[in-house]
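In what follows, a single structure is set out as structure tokens and then discussed.
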Amino acid sequence: MFDNVWLIPLFPFIGFLINGLLGKKIKNETVIGGIGALAVLCSFLVSCKTILALLSLPGEERVANVKVFTWITSGSFNADIAFLIDPLSCVMIMIVTGVGFLIHVYSIGYMHGEEGFYRFFSYLNLFMFSMLLLVLGNNLLLMFVGWEGVGLCSYLLIGYYFHKKSAGDAGKKAFVMNRVGDFGFLLGTFTLYWYMGQAHNVWTIKFTDLAANSHLLPTGGIVTAITLCFFLGATGKSAQIPLYTWLPDAMEGPTPVSALIHAATMVTAGVYMIGRMNYLFIRSPETLMVVAVVGGCTALFAATIGTAQNDIKRVLAYSTVSQLGYMFLAMGTGAFAAGIFHLMTHAFFKACLFLGSGAVIHSMHHALHHVHSHDDAQDMRNMGGLRSKMPLTFLTFLLATIAIAGIPGFSGFFSKDEILWQAFSNPHHGDLNYLLWGMGALAAGLTAFYMFRLVFMTFFGECRITPKAKDHLHESPMVIVIPLIVLAALSVVGGYIGLPKVIGELFGGIPNYFEHYLEPVFKYSEEYMAQHAAHAAEHSATLEWGLMGLSVLVALVGITIAFTMYVKNTELPKRFVATFPALHRAVYNKWYIDELYDYLFVNPCKALGRFLWKGFDVVVVDGVVNGVANVVMAFSGVFRYMQSGYIYNYAWSMAFGVVVILGYYVFK
Amino acid sequence: MSNHLLSLTTFLPILGVLLLLFIPKDSKGVLRGVALAVTVVTFLVSLPILTGFQTNAEFQFLENVPWIAAGPFVMRYNVGIDGISLWLVILTTFIMPLAVLSTWTAVEEKVKEYMICLLLLETGMLGAFISLDLFLFYIFWEVMLIPMYFIIGIWGGKNKIYAAVKFFIYTMVGSLLMLVALIFLYFKGLDAGFSNFGLLQFFDLRLDPATQTWLFLAFALAFAIKVPMFPLHTWLPDAHTEAPTAGSVILAAILLKMGTYGYVRFALPLFPDAAHRFTPLIATLAVIGIIYAALVAMVQEDVKKLVAYSSVAHLGFVMLGVFAFNTQGITGGMLQMLNHGVSTGALFLIVGFIYERRHTRLITDFGGLSKQMPIFATIFMIVTLSSIGLPGTNGFVGEFLILLGSFESSLRWWAVVASSGVILSAVYMLWMFQRVMFGELDNPKNQTLSDLNAREIAIMLPLLALIFIMGVYPNPFIEKMDPAVQKLVAQTKPLGMSARQMPAMQMQGLPAGHPAIPGMAVPAVEQATPAVADPNEVK
Amino acid sequence: MDMITIPAVNMTPILPEIFLSVLAMALLLINVFIPSGQKSYLGYISFVGVVAAGVLVGAGWGAPVESFSGSVVQDNFATFFKIIFLLSAGLAILISDQYMEREGCNHGELYPLILFTVVGMMLMAAGTDLMTIFLGLEVMSVALYVLAGFNRANLKSNEAGLKYFLLGSFSTGFLLYGMALTYGATGTTRIAKIAAIVGQMTVPSANIMLVAGMLLMLTGFAFKVAAAPFHMWTPDVYEGAPTPMTAFMSAGPKAAGFAALLRIFLVALPTLQVEWSQLLWVLAVLTMTVGNITALRQDNIKRMLAYSSIAHAGYALVGFAAGNGTGAAGILFYMLSYTFMNIGAFAVIILIGKKGEANGTVMDFAGLGFKQPALAVAMSVFLFSLAGIPPTAGFIGKFYLFSSAVQKGYIWLAVIGVLNSAASVYYYLRVMVYMYMKEPTEDFEWTRITPPIALSLLISVAGTLIPGIVPSVILQFAEQAVKLI
Amino acid sequence: MENLNSYLIVSAILFSIGTIGVLTRKNAIVIFMCIELMLNAVNLTFVALSRHLGNLDGQIFVFFVMTVAAAEAAVGLALMIAFYNNKESIDVEDINIMKW
């Protein structure tokens, strides 16, 4: 019944081929954009059909492998081009194609008039293809294909404005950091394959086979190694500490790219991957702890940086890093469903935010261009008061901001609160739970602060560009606004399919649909947890209500501070900077992490390379080679001068030979 | 006819040389055309080999006729191919027309001699791949050197003489020692009742470990120089930098394969026990090569040199795979040999294209070419990605199987280190790509560059097609070579281990709930020992 | 009155020698009547004579025929070597004409002298008595001294002749002394008898007189084949002698030296093989190494080839040290191919050279590759063959020689040999570097190739390439030749 | 002929004197005379041995040596004259244009 799932990735691929090969000839933007968007729409429709088909099955049967052809077979190793359909992959394809389609539509308007319009759409379609492979792949290797493929598209799209050096640098940085992660992914794959094979003669990398045999795996030990490797992969792709620095730089790409790749879909691949292999992760408490701590730290750490950035997209980028941290926090506490839930709601509101910011930038750019100003169209210090100029954008942006800030009733609240509650009450990490919750809650406050800071700086107050330019500011065309509205609506209502238990009970026992839906995927982990957890999960409705209130309170405090600083008393930030200059400088410069990495990795590598080349290759290796030659040559010189030209010398040599030979044999 | 297909393919280029001799040297167009036609015909003639090849482990298209018989020596013209050499033969005939095309306009002087050299080279290379007689193989192996020496030395860059002589003597030293080993092996064979240099019978000759060690060392040295393996690699960057495009392409795509092919066809099956003994050493050198070459490539200023170092790294992977001694590793190694031929060949072509336009290869002289040369940019990008082993391209399949194979074998920790090569390859290739293609188009000389012309695109298209075909659907390639690889795996099982089946060759499973990471080291070491050195076996 | 009965002597075995001697003497007479500008005709006549002698020699292939009470033999071994001598002489005659004209010393005596040399060499190869061998050696040497100094007006040539003469006579002293001691130890000079007597000794190596005799003979021949440390005359003489004579000297007399060595050591003294094998092992290594390494730094191409010829003597000694059938056959094959490749190379040198031995450096080959492609290709073939790179006769020869060492168990000797080969590649390649990879420094003035030289080049190239690709026939001849000794 | 050894010793001494002469003298003619001395030392050996062994081979050999020595002398002196013509010296110190 899932025979045609292969169409899902195929459509975007066809779109990619058409636009990539013929785009330059087509020239017509509407056709190119149309083809791009249509391809994704078709995928979306097939995805809808697929998820409906899936839902029509009973819970335990909701899993299917669809093989297209055999890809690699070598000895015991086998990898197919085959797709896995289960609730998890279905929810992912829905997000990817759904949000993807909206962003494609948006791009038609946003990229209007750009040089290489066709290139953009072909890359975007290629990305969709890769992402769908990643999500649908039924084995580790195919997932890896998508995994690297999205990395490539990310690279290409970040470097879309390739004539800007910063864009190229950012693209390369993203790719390389992803590769570090991929290194982990590969090692994880190898170790898993090798271990399962040699220990239990299960030579497979197919997810369903692995899941079926996961009971063979020990707890901890080798599984910790495997999962840590995979987690390294996840940190690369999903921009977690220590590999997060590429994501803010990735904002060099066009805004729709940031929305699609660097917010809604690609960066969540790490989360998806952990969800996909939950049966492995649950077997290693150590890894879970690492995941949770890294997630929590990233959530908090990125949030701090977000508070001091002035580039509108960078704020959102750090916000993305921070929100991804939440998802990992969820995964690390074994709340896989909650993590995926947050993944979904985050896709809605963060896509909305990015697209909104794109609309703002677009408008700003347009206005500044008109007056030939070279001011930065992305710098919030140049914005302000856009509320009146771009009402629809403002409204959608505000809704999404409220959602991300975790105000009750909006989607972000439900998903984030679920995570915080799980962080506090999960049975895995003991006393560490308090710290995890604390980090999460504090990050929530900071999130509310910097998001509202952004809103206030952008949409409120006085417009800070020249009045002449101001006249050119205007609302974006409908092709841009409609996706915003759809996404804003989703940000508001998207949370209701996963109501927390306590709230659901309040409204007469509405179940957590989302969790229920994903249950077949995580069932094994749930059961395993129930048996092996370090301590019982805490279940106290009162406590949950209390914590919920607390987190809302923290968010409100954040908003209030932002309001005070950026609307009421705009002198405050300056004073704050004056009071704590070092702190501000550190935060503003992103805690100097990039510099640290340069110092620790990049420069030593280059220096080592240079040394090995000039020092080792040229001096030692070639030195030996040429040295041997020179020694031989030196001997040549010596022998040559023995040839003196005098007969008696030659005669001496002969006589010497005779004497030595005779002497040796006669007297030996 | 069909039973002489291999000879026909091999010696067609020689016929082409005879033809060229009668063409006046000033009619350059005719000379080029004839050379191209000859290589294309050779390729077409080689296709029936591919289609007629039966997928099994046997050697096929055999020809075995007397050649030399004097004193104790009997050499026969004994040729044939199996799944391993099949692809290398096809690769050779496939690359040659492209190589001829690549210097269509770049080589303006001494065209006749140039084309003659290329054709002679083709015969030499094909001959070496199909030889099943050790002596015949050696002859072809050496004969290859001569045209390549001239190609580098005559049509090379400004430091061509140093590069050419270095190339020649470096290779000579290794191969002459191999010659001694070969003679020694032959006399051992005579003692065992063999009557000629036929390779296949020697596979059954299980020499005593000490002898194997010495012979293996001699063979391994010759092949290691050709591969080239760290630290014997320094001739390669020089040779590549100085050689004309076609020279570099052939050097990278085919000539280097001689080394790895030598291991697969000769060093491993002839001396399996010694090969196992030296596995840790060779794997270590291979891994050092991967990392080392990547680091050095990163800081190169000359694009061609960078690509040359990347070759060293890629072939490090091949060596690692081959020395995993299991199906995946060797299959991966073989695939990677083909991949490297395609991708690095393509990279050298690309470097040739811009060199022809700008007469410089310094990275700093470029920048922003994407704007001026979009088609070039796209092709360059694809090839770059193939070179760094992006999934979906050919490079990935080979690299993955190599790493997987070596991870399964005793070379687990080597595989771990080698895997980091995938990071480094991305660093140096993309950094280079970025500096050449991205950024401002600020150099006025670059602002007038023209994009690729039809000829150049025509050269690249087959390579691009292969990059994707081999990446997306590598199974036909694997299937054809699989029986031969399986046979090789069986042949190279060390004594005393043959009872255990692959992949049960791996050490017995870890006990469930084995302690965490530190525990992993224990089985790795345990397992490495039997393959590494069994003291009783040696003495 | 008693009649002196002349014993019946079978003259057939020395028919070629007689023929050549008579021809040479006749030429000396004819020379008187030929005006000085037309001495070339003597060359043509002698070339025809050499070919005719070749036919006579070739007819002797088959079962051995002894004569002069067993002091001369016509066997395959001798025949093979005689062919080599005749080839070297023939080629030398072909390349002499143009050179001698240019240097203004085309005296008619040249050709008879070459023929006398050949007669001497033939006696060396055919001699089965120390006396015959000595006689042959001296006939060869005395003629060679003159040939080396043939260009009377040229100081270098004078010096070459004088040096060769003094040192050659000096070495003759040792050789003779060795022969005397051997005679003393065995009571005979007949090789077969020596073999029989030495074979009966219980511990021949304890007989100091015999051992000393053997060693002294070895040193004497080592001088002729230019083995270190008796090689030092070689570069100077080769450099100074007229180029065609250098070519001749490097091929023929060297082969003759080996012929005598092989005959004496393998036939008369096989029971002492342990001793001389050891010694030759050392000599081979020393000779190869000194020759090759010194050649690396030579600019004068004749001198370079002189050192290279020392090195080649070293390779041949490898086969000799092995002392087995393969080694002996290898030497035979090698000497034959060396004749082709070396004389061929010297022919090219003659064509490059200018009056007064000018243009004799490696640098003067610059740009030859594309000015004279055919000539350069020929030179490349010779050089590749000298370097031992397939598919040339030089490679097959080296392969055979090193194989014999391996067969004998002298692996290290073979290893040192191939390493030497690798080093030698450098200086051979250097010539090719100049030919193909450097631009000519000045306008390249081209001397016409005369038909004789063209013929010699053609023969040399064929003789270098064909045995390289299909060596079977010649190798089988060589194997047969050494089977009898 | 009981005391063969004394003949042999004498001839060995003569041979050595000749050799040392070759090595130490600088005049080409003198060197050549030393070589002749060596050859004659050998002749003495041959004759003594021949007498001792009671066969004539050694003595025949001596005839050959003497003949050859004569021929050598002729050629040698001719070469020296040719050299002298060009260089006006036959001192071996002067015979070294070619070296290295």
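Order of writing sets the chain letters: A, B, C and D. Residues in each chain are counted from 1.
The working rule: a residue touches a chain if its C-beta (ideal position, glycine included) is under 8 Å from a C-beta of that chain, and two chains touch if they have at least 3 such contacts.
Just so we're clear, the structure is a prediction, and the values are computed from it rather than from any experiment.
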Key: Comparison of B-C and A-B by number of C-beta pairs in contact, larger one   = A-B
Euclidean distance of C-alpha centroids - chain B vs chain C, Å = 44
Inquiry  = Taking the mean of the C-alpha atoms as each chain's centre, how many Å separate chain A from chain B?
reply    = 37
Query = How many angstrom lie between the CA centroids of chain C and chain D, rounded to a whole number?
reply = 25
Remark   = So, in whole Å, the Cα centroid of chain A is separated from that of chain D by 97
Remark   = Going by residue number, chain C touches two or more other chains at 162-163, 166, 170, 235-236, 426
Query = Which parts of chain B, given as residue numbers and ranges, touch two or more other chains?
reply = none
Ask   = What are the residues of chain D that contact at least two other chains?
value = 19, 22, 31, 92, 95-99
Note = Which chains touch? The pairs are A-B, A-C, A-D, B-C, C-D
Ask   = In their complex, what parts of chain D are in touch with chain A?
value = 19, 22-26, 31, 92-93, 95-100
Key: Complex contacts: residues of chain C adjacent to chain D   = 130-131, 134-135, 138, 142, 145-146, 149, 152-156, 158-163, 165-166, 169-170, 172-173, 176-177, 179-181, 183-184, 187-190, 235-236, 239-240, 303
Query = Contact residues on chain C for chain B in the complex?
reply = 325-326, 329, 369-370, 373, 384, 389-391, 395, 399-400, 402-403, 406-407, 411, 414-415, 418-419, 421-422, 425-426, 429, 432-433, 436-438, 470-472, 475-476, 478-479
Key: Complex contacts: residues of chain A adjacent to chain C   = 629, 632-633, 635-637, 639-640, 642-643, 645, 647, 649-651, 653-654, 656-658, 661-662, 665-666
Request  = Flag every residue of chain B that touches chain C in the complex, lowest number first.
outcome  = 67-73, 110, 113, 138-139, 142-143, 145-146, 149-150, 153-154, 160-161, 164-165, 168-169, 172-173, 176-177, 179-180, 183-184, 186-187
